[in-house]
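Each of the next two complexes has subunit A plus one more chain, namely subunit B in the first and subunit C in the second.
On to the complex of A and B.
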């Protein structure tokens, strides 16, 4: 019964520990930046900075195509990136198999997706991730910018998606518990890893894009 | 005074480090932390694009890469992991060559045009980060020679081209005679203060004459000032707060003396930027003026019926070049398009979204730095793609520095574009209306 013991461990104490580190780490990283403070700005704004900041935070991820020449040169980044984020976030929150987990963590049951959508999202996220990683390895600009962090994160996420896909299709087969435990172990690792890496960009998104919108509002431009 | 040193030693490196460390605030830290290393900014950068057009790829021109040293310094001073690494002796080790590279990255190959910000999925304001690197280099005494000279000349004589009050008055006399216009100087009471830039004064005098014609025609009470006679602010290029403040204090003095309500910035990008967005923070108590760009002013006068443009004066196919500091970073984008619509028979916008226009390649002081010429010419190639896309040989500008950079680029590469100032066109249109 080693497999069940292991399963209980990654599903129980390890997940709890990872979540604790995650929330503590992310809050620390967010507030550390917030507490650095801002110098006062006395220049009269031309537009509405606050409204623009909120607007940018909401619509920015869908507006890549408006810069059409860059979009066409870097379609792989925009389309791949969008599909990956859509898939990854969609799967994390709304997969039927995760529903129980979320109920335990936040106390509310989230709505779930039909399994066909789950499959589409998984394949598109995995495919995008592979394409993005290859692009990273081949494009000269990205080669210069990329460190070990990026490859490790991509590998970890790809393995999670892949084991998740297998677990979803493999129900009842041999070594199922080990496979499921592996998926959970990797997810625990990812949750632990996020506060220490660039994967925590999601919290800074709100600050960075917020500031960009704030500046656009201050200057009275719409993009 | 801004220094230029050939030798980079320990003191310079320490000063650079210290300035970078002090420059971090919530906004800067958010940008530094948010970068996901996607490299999309490279595609927005006119210097990178220019190299790419010629078939070369220079990854170091990527905007994200320009902030990497600053990012490392931030990490080891503000994050736990960075601090531990520093304690273990694995911190940032800056070598003199690194600072040389930073000079190239921040001063030669960045005009702080803000186009990368618009392309960045995380909204990172790279010009903000580059401005800290520039400030740190200036603080360490490593401003490029040409830029340091121009800044110092500006501090000493009042203008980067060495135009002092006497030359200024002589030049105005010349303009007044040559173009038959009345120029009020130090006239009280005045509601508007108009400042020319010395580039216009010395190289495009007709631009100044046109602005004078427009101001006179609109019937507002206005004046130039012998105290505030220079709109350009090289302190911003070098990112020296002291120099910026000194130059702005002259404007403040002149404006206070004439007791004006409005200051009209000329066709000069960073002049508008400095007076509109920077001055209120340097003189929070005293800066009680509304700052308008001359294009904004014309648009306002047309809207209120004080000026009427009834005639088209530009018959050939034409396009518009946006000044980054007035347009994308200053919010004056609709105004020139509205005005040009009234002036030009066949106006074709080269961009779908005005905020996405490409910089001239000479902004941010790049034009005065001789060592940056190669990069500026490459940048001109990227700019040319937009002109050729709409097939226009006539390009309307609203910044004298852009015009100078574009003219220089066109001459160097043997292109026959014609660059005209929008204010000149307006002056021509209202004059013809009189006949």
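On to the complex of A and C.
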């Protein structure tokens, strides 16, 4: 197969299919949960559930921010998790080529970052992802919570970061188009995979944290 | 048949000139300097190459580019050296005489001549769309390729089918390699290819007696081994995230990267950024226009000449996002409803 034919396929029909499945899949799961609702609870709320839900969503990420927690007890989770998310989200939206793609998808022009920042974010995201994965595999408690899903997702994301890094840094010669296509193929797979895996936490995280806050508000307890 | 050195002498050049040009040729073909003595010997003694140049579904742009190659050999020497036994656009005879000259050349130089093909082949309806002297283009190609020492497809039409092959391809145009399946074809794509690259490939063949090292699509690695983007002088702007957003804005005036304007440099393998055009004067990106990837297969059908490389082909947009969300929400609602029904929840 000619490399440009494959390239056109992954950036054309496959990407469109993946995007459609992504938006449909995410809204399917979101609205399914919302419509399923909760069993009727006739008790009168003791506090303000909606305010607590919003409060929980806003302050949850910072709740464990003590020096000890960040730098010693759960350093890998905190620092690795922070750097990984910062890098991955930053790269997803603000790499010039990606920003132009988002413009085409959602119609909004995003700012772009220079290659130096792109490189720093990529190295830190990739490094953190490796550290987080090793931590998962070795930590006795996390090990029990981790399934094939997590390892697959981590591998997929790591490969996307790595091929993206090569696409930016490596001259590649005649193989460059295969490499670029591979980067996009893996990204297509990730887009398809997100709604059906735990990676959908980027939406459900807010739903579940909000629910926890709402519940606490209803019972009039603090969290 | 004269050698290159004899032609230099005949045109009034000195031996020093000859050596200078050979050194240039050696470096252009991508050989190490240590090859220079061998190259000098070959070009002093070997007779000039005999070329039969066929044109099928083409625009003669590749021929135009070829005769304007001036960097590697002086123009007078070039046209004298490459003995074009048959070339429809350039030769004086026409009609039956021309066909006769070709037949004679094939006969006389059996197994020695270089066959260059420009334009795509159209075998559809027995070649009714491209027939010369009563013979179909497929027949002519098969006949001329039989005894060729080296076959070179020049231009995107001969290499990939090119513009005649673009949708809906009414004439059934195809690359010559599809007709010559059992033969090795050297591809020099481009619309047109750089003249110097064609000349360097031919002279390189004379120097070594072998075809150049080719990539998986049959292109000489020396000229098609890297992307335009790898060698583009605007690359520092790309790296810094500085882009021209229109052909007239500040960015365009400052010479920023043309990615946003649809530059296909990152996926195009060619030597434009290094060899350049018109005697090394410039190339499309240097003159302010994005590369549109004319040397890659099917570039014409990709129909996104002026949209950035990374965007979804044919667009995506809000409507499709909303359609996805609507479908997903409907499915979510439906499935929640069925679930509730099954569980008997009110």
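Brief remarks follow.
Just so it is clear, the second predicted complex is superposed on the first by the 188 of 223 C-alpha atoms of A that agree within 3 Å, B and C clash if a C-alpha of one lies under 4 Å from a C-alpha of the other, contacts with A are read in each partner's own complex, and residues count from 1 in each chain.
Just so we're on the same page, a residue touches a chain if its C-beta (ideal position, glycine included) is under 8 Å from a C-beta of that chain, and two chains touch if they have at least 3 such contacts.
Everything numeric in this text was worked out from a predicted model, so none of it was measured.
Of the two partner chains placed by the overlay, neither subunit B nor subunit C lies in contact with A:17. Contacts of A:50 after superposition: neither subunit B nor subunit C is touched.
When the shared chain is aligned, no partner comes close enough to touch A:65: not subunit B, not subunit C. In the superposed model, A:152 makes contact with neither subunit B nor subunit C. With both structures placed on the common chain, the touch criterion links A:29 to subunit B and to subunit C. In the superposed model, A:2 lies in contact with subunit C only, and not with subunit B.
Touch criterion met: A:180 reaches subunit C, while subunit B stays clear of it. Residue contacts after overlaying the shared chain place A:115 against subunit C, while subunit B stays out of touching range. According to the touch criterion, the shared surface of subunit A, contacted by subunit B in one complex and subunit C in the other, consists of residues 29, 32-37, 39. Subunit B meets subunit A in the complex at residues 24-27, 29-31, 33-40, 42-44, 48, 57, 59-60, 62, 64-65, 78-79, 81, 117-125, 276-281, 284, 287, 327-331, 333, 352-353, 355-356. By the touch criterion given at the top, residues 29, 32-44, 46-47, 56, 60-61, 64, 66-70, 73-74, 77-78, 81, 139-147, 150, 196, 198, 200-201, 204-205, 207-213, 215, 218-223 of subunit A touch subunit B in their complex. Listing the residues of subunit C that touch subunit A in their complex gives 215-217, 221, 224-227, 230, 238-241, 243, 259-260, 266-267, 269, 296-298, 302, 307-318, 320-321, 323-329, 331-333, 335-337, 339-340, 345.
Within the complex, the subunit A residues that touch subunit C are 2, 4-5, 7-8, 11-12, 15-16, 19-37, 39, 96-98, 100-101, 103-107, 112-115, 171-174, 176-177, 180.
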